[in-house]
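Next up, some structures in structure tokens.
Shared between the two complexes below is subunit A, which pairs with subunit B and subunit C, respectively.
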Partner chain A sequence: MATLAPTLRKPSLTGFVLPLTALAGALLGYLVGNAKGNALLGIVGGAVFAGVLAFVLVSFVPQRRMGRLIGAVATGIAGALIAGVAGLVFGAILGLVLSWIAYWLASGDYRASVPVYATPREVLWANTFRFICGVIFFFLIAPILVVIPLSFNAENFFTFTPKMLALDPEGYSLKHYRDFFTNTDWTGAFYNSLRIAPVATLLSVSFGTLAAIGLSQSHVPFRRAIMAILISPMIVPLIISAAGMYFFYARMGLQGTYWGVVLAHAALGIPFVIITVTATLVGFDRSLTRAAANMGAGPVTTFFRVQMPLILPGVISGALFAFITSFDEVVVVLFVGSAQQKTLPWQMFIGLREQISPTILAVATVLVAFSVVLLVTLELLRRRSERLRGMSPS
Partner chain B sequence: MKLTSILLASSALTLAAGAASAIDLTFVSWGGAYQNSQLKAYAEPYMAEHPDVHIAWDESSAEAVAKLRAMNEAGNVTWDLVDVTVSDSIRLCDEGLAREIDFDTELAAAPDGTSATDDFGATLINDCFVPQIVYSTTFGYRTDLVGDTPPTSVCDIFDLQKYPGKRSLQKRPIDNMEWALYCDGVAEEDIYNVLGTDEGVDRALKKLDTIKDQVVWWTAGAETPQLLADGEVVFGSTFNGRLFSAIVEQNQPIAMLWDMQSYDIDGWIVPTGLDAEKEAVVMDFLKFATDTQRLADQAKYISYGPARASSAPLVGKLDGTDIDMAPHMPTDPANATNVHRYDYTWWADHRDDLDAKFQAWLAQ
Partner chain C sequence: MSDITQDGPMLAADGTPLKKSLARALRRQKIRALMLIAPLLIFVLVTFIAPIADMLFRSVENQIVRDTLPRTVVALKDWNPDGEEIPGEAVFQALNLDFQIAAEEKNHTKLGSRLNYESPGISSVFRSTGRGADKIGKDAEKTFTGIDPRWKDPAIWAGIFASPEAETALPRSARAYEAFAKSVRAEGKKEVAKAKLWPVVFSALLDDLTLAQPDAAAVAALPAPGPELVNAALAAGLQPIDAKQAFLEINDGWSKLDLWQTISAYSPPYTAGYFLNAADFEQTSHGIEARPPSERIYLKLFWRTLWMSMTITACCILLGYPVAWLLANLRASTANVLMILVLLPFWTSLLVRTSAWKVLLQQQGVINDLLVWMGLVSDGNRLVMINNQFGTIIAMTHILLPFMILPLYSVMKTVPPSYVRAAKSLGATPWTAFWRVYFPQSIPGIGAGSILCFILAIGYYITPELVGGTEGVFISRYIAYHISTSLNWGLAAALGTILLAAVLLLYYVYDKIVGIDNVKLG
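What follows is the complex of A and B.
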């Protein structure tokens, strides 16, 4: 009984909330101090500031929303005194984080994700685990996010200029986006990508779907071997496929032609279509095709009227993967294509190697937005397919 | 059926018409500001005169030798004109991958009638290579990171006491080995004699060892300007035109260190085995692009010296500005007080061996 009592008690202010908030403050202070050139001062200042903030908020401001606002404003003003407008913005964000931590600790919410009977060690582990997951997520996403503000750089280098850090509008510009949409190198490459990817996708989808349906029939001999061969472009290192394709296509007269690149990209996209369509075929009821045949429909009619609509989500998600593969691909096109088929990734590769221009970042931002739209579509389709198969969307 | 056949016929017609009127050429160059200068000075004026010629650019000059070999092996050469450095042209010419050119009949003479051979003079190295520009590999430094005593000698690169901080050097033995020996006390004219011996190579690597942990190695010409603009390095070597662009056009706090700049020549080669129709167009373009006026025009866009003697007096100002280009040329007398004469024929013989030693040293 005695062990249960402390877990339900409100956490102690001085022995628990203050030190931990101060620790978080020291960590954030270290980052700020490092940027300003004095890490030690940052740690001490951050810890003291966070401790005082937590004490004031938790003791005197019971309403959380109000408290967070006060924390943000107070830290924002402190930031503004140190670093002007940018300090105000970053300070307000830091203040929000710190006051959120203070309330989270003080109210006992940090135990919300574990059962009441969990020991302190289990609580600590549960929160550490969540923290590690958060950090992993941050490290995955941060490099992509950093690119976005840099693409609005007014300079021609990959550098956060002092003006940008001070949030001075003069430090930002849309000129790299203008370059992307007006420079013939970029528009030409974009046009080539748009000309190649849909045709390659169409070929991948047609062949991949047919292959998947054929391979799902139990009477086809050597199914596993054929499947392995068709999937191999996904497993064999790309550079090997590319070098092989180069010499093969050169002898066929396809190297350096539009159709050469389209066929190469179609071959790379087929495995994605096979895998996604095979997965949807697992849930497909064969008796439906027999029923259709029984009612006089030929195999083609059966396919288009009965089977195709049911496996459509798999076909579409395969098509999206095939499209992204062709749209993002740089190695094979460098071998199989010639300068007349220069695609967007090829142009980006050149830009990075020969001239480090922030236009690449503008393109990257556009492509990130594009990929997000495609992946959201994919996720919505997946949910729809699960609904159709009677599973609850997760 | 009828519709299909009409569509087929019309598309076949368009294809045939397209093939008859347009000539698609693929030129290979280095990308960036340099390729842009070629586009502005040669390709755009040529295409304006010949609307049926369409030029696509392939930024593959860095791998020109390897790719041309592979294309030749595969029996499908897709390049029509290739921009290469002298040492690459020597290899391509020796292997028969580049077409031999009769300079006096196939290239334009100077306006005063001087033959092309005399006008190009010492920049003609072999029978395949048509020179365009003289450039140099040299150092730039951050003016705000060197204190009150800006560096004046290339040996300041090796002085970590006086100029602490990172330096960027090209990831290859060429130039770095020569600078190391020079700063180890070898006279400029003896460098290649010393470097030809095993002890000389060890001596150069030993000198480079003293700054190895402070070196950022670059492979693309754009890297050093980026590193300097970031303040990541104090010094960095790169092509002088890249530094010009960062200093004059981008207003970065960078200055040139011309001491012991290493001259090199860049020019065109024509791959062997083009079909006759294309070859005629390419040779016509080559004659146009390497005449006196065109070479001088290129200097409006980038600070590289024209390879023809007759072009030098025609060099003007940076396009659209009031900036005289002559003082930014590597060949300007004020910049050329102490230069390193890079020996491409020596390197053509020793490159493979020294590359291997240099890579082994890097990996240590």
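What follows is the complex of A and C.
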């Protein structure tokens, strides 16, 4: 890119960078102005402010980091004049955005994703496309992130209070977390979840791993049919599994018992174990077990000393899938379980349906943290597995 | 070692022909593989497949009429349900015994509620008859104790019906008494010979002695004081019970032709009735008819489930395609970071995401607050975005989007970028290059993702239940409703079976297109 740069015309400051930055400023100004009751003043003020900021930064501050800091401070002060402490924080954020836009436009970085020969229309399209993708990513992640600040709400509301928006410490509290850790409804449900999920996971992993090893042998009669049966708990809608299990377990006297729920959850977790473990076994070098057998190891020793350590990452990630399936499951436990087996998701379901308390948001935040940990663990396992199998991690 | 120059089949080390030896080794390998699979297969068959099979069975099973009213069902075979008249005395005599036994066993209300699904009003007839039916038996009891007070003694009954002759001499009484004895034993509180007799056994005895002349030889063979008591009763000139009259007095409902037609129509042990109900049809005496338009709910719901699932799938394609393309065409390091944004929702609890949408979409929620703050919507006109179809569609799209992006991404990863470059160098515009070269190669990913999303969507229960209100619920809500609230399990099973059939069909298609072995996670 560096060698090609000289051939490119530098974007014009007054004809390109300033108008576009001013446009962005006008848009942001419109929103702020509208909220304060004067949209026109907002548009004009925003445009002028952004234009001046961009001109100053691009012309006199070549170091970007420094320039962004200046932009943030300047806009922050402007925000503080309008709306106090909260204005300072949000203003600083807007300032960062505006100065980033100014440098992005002025340095020609906006063309970085397209070939040098691209026409302006192609550049526009490429950036619009990226913007659309950004909006979709925002759609994916924002609902999860929005829950986190709301869980610190000092009021029993499901929305941001004016105090929270003003960043007033009094608007925030840990009371919903306190409720989660002290209310017997929630602690009992949490305890039940922790009592059910590990046992169900253990069942599905131990049976599942054995079967996956069996399925990965070279000659398995009825392989397709067996696979279809073993995967079916994942495909059949949960409500149907729940209905069938309710009828059948009621006949067997398992409905409303701890073991009924454990067996049901184990069955639901099995497909995930099968899929992950068979995927790991695809890359397994069969000559290793033969070598072990050749040196006098029995099948059991071979399994635990040679095969197991190599497929362990796959087994663990299968176990995590099975665990989260059970831990997060609500439909089946609603039917197969009774009040004594009330799990965390069940309690959340009740809370959401009857709108009792924002403690749900605190629970949700805890669970989001939990899934981040899970995600990181899985990624590490995947890399380890690929390293063990001699592939380079991508 | 076998000699190479030797004639005949090649031999293995132990002297058996090589072919046989190999076949044996292969067989052993197959058996070992199956042994490894067997525990899990049995586990899944018992904990998962058997429940599904049980559900399929329940959707057609209809033993309850036959089990509760066995004699009535047999007697009804001679009755013409298409005629204008209700059944005659013989049917009512059978009903008298059946109903009194059922009322003692408290089964009559179950049957009443079962038949009430088919023809509303039956349940109340059954309940009120259940309260009054034992009066017929009590009258019979008075008649017998008037002739000889020893009839009241349970020990005498126990003595008489312990003998095998009782079955031939007094068949109806024997069966009624057996039901009584079984119930007492099941309760386990008292001995059969001491427990208070059910009035129905006197009804049955009266029927035995009046409807037909009992076999004299068999009566004589009864243990004492059986023959003496029976002969004394016969000599007293007993009047048969007018069962029809008695039942009509207890409840007028028994004179309705409609009730008898329903019992008759549902007396076979298997029925298509639940499926007909699930498709908004009903079984009448004139054959199968569509329900009146005001009672048609399920077809509408199936249709709504279908089109909303399609809309959700379409939204997922629309939002998932650009993202998957971006992920597949970015540098690996950047793509991995962005992948987290897809995987985090995937790994986050379903209820967390549903509650997040509830928080966002409420009228006093975050999005409405933001719109009001920005002045785009006035405070009085907050948008209604939850408890309707919009809420369901947007929340479900968010929940299922990762299931679309991941298969799309894995397919797009395999599309070589050189094809599009070649197309462009041959003069194609960017759009043509995309539409004619890139897009066709990504279709398998769209197919896999769509089927996955669609299968998941049509069976969803939790999210539509929480954010869908009444307009945005799926058929799953009614399955749950019939299991836990209306207790019409047969209908729930039939609705579930129809849904299952749709899913299995799609599963089959998925298996053909993608292959179930190729499912990847994360």
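Keep this in mind: the second predicted complex is superposed on the first by the 365 of 394 C-alpha atoms of A that agree within 3 Å, B and C clash if a C-alpha of one lies under 4 Å from a C-alpha of the other, contacts with A are read in each partner's own complex, and residues count from 1 in each chain.
The definition used in the following text is that contacts are C-beta pairs under 8 Å (C-beta built on N, C-alpha and C of every residue); 3 or more make two chains touch, one makes a residue touch a chain.
Fair warning: this is a prediction, and the values are worked out from it, not measured in the lab.
In the superposition on chain A, A:372 makes contact with subunit C only, not with subunit B.
Looking at the superposition, the partner that touches the larger set of subunit A residues, subunit B or subunit C, turns out to be C.
In the overlay built on the shared chain, the residue A:143 is in contact with subunit C alone; subunit B does not reach it. Of the two partner chains placed by the overlay, only subunit B lies in contact with A:342; subunit C stays clear of it.
By the touch criterion defined above, A:246 lies against subunit B and subunit C together after alignment on the C-alpha atoms of chain A.
In the superposed model, A:353 lies in contact with both subunit B and subunit C.
When the two complexes are overlaid on their common chain A, residue A:208 makes contact with subunit C while staying clear of subunit B.
Of the two partner chains placed around the shared chain by superposition, neither subunit B nor subunit C is touched by A:50.
In the superposition on chain A, A:235 makes contact with subunit C only, while subunit B stays out of contact range.
Of the two partner chains placed by the overlay, only subunit B lies in contact with A:255; subunit C stays clear of it. Residues 157-159, 246-247, 251, 352-353 of subunit A touch subunit B in one complex and subunit C in the other. Of all the residues in subunit A, the ones that touch subunit B in their complex are 155-159, 185, 246-247, 250-251, 253, 255-256, 338-340, 342, 350-356. Within the complex, the subunit B residues that touch subunit A are 24, 26, 28, 30-33, 35, 56-59, 62, 70-71, 73-76, 78, 219-223, 225-226, 229-230, 250, 252. Listing the residues of subunit A that touch subunit C in their complex gives 31, 34-35, 37, 39, 122, 125, 129-130, 132-133, 136-137, 139-141, 143-144, 146-147, 150, 157-160, 203, 207-208, 210-211, 213-215, 217-221, 226-233, 235-249, 251, 263-264, 266-267, 270, 272, 275-276, 278-279, 317, 321, 324, 327-328, 330-331, 334-335, 345, 348-349, 352-353, 360-361, 364, 367-368, 371-372, 374-375, 378, 382, 394. Partner subunit A is touched in their complex by these residues of subunit C: 26, 29-30, 32-37, 39-41, 43-45, 47-55, 58, 319, 322-323, 326, 332, 338, 340-345, 347-360, 362, 364-366, 369, 373-376, 398, 401-402, 430, 455-456, 458-462, 465-466, 476, 479-480, 483-484, 489, 492-493, 496, 499-500, 503, 507, 511, 516-517, 519-522.
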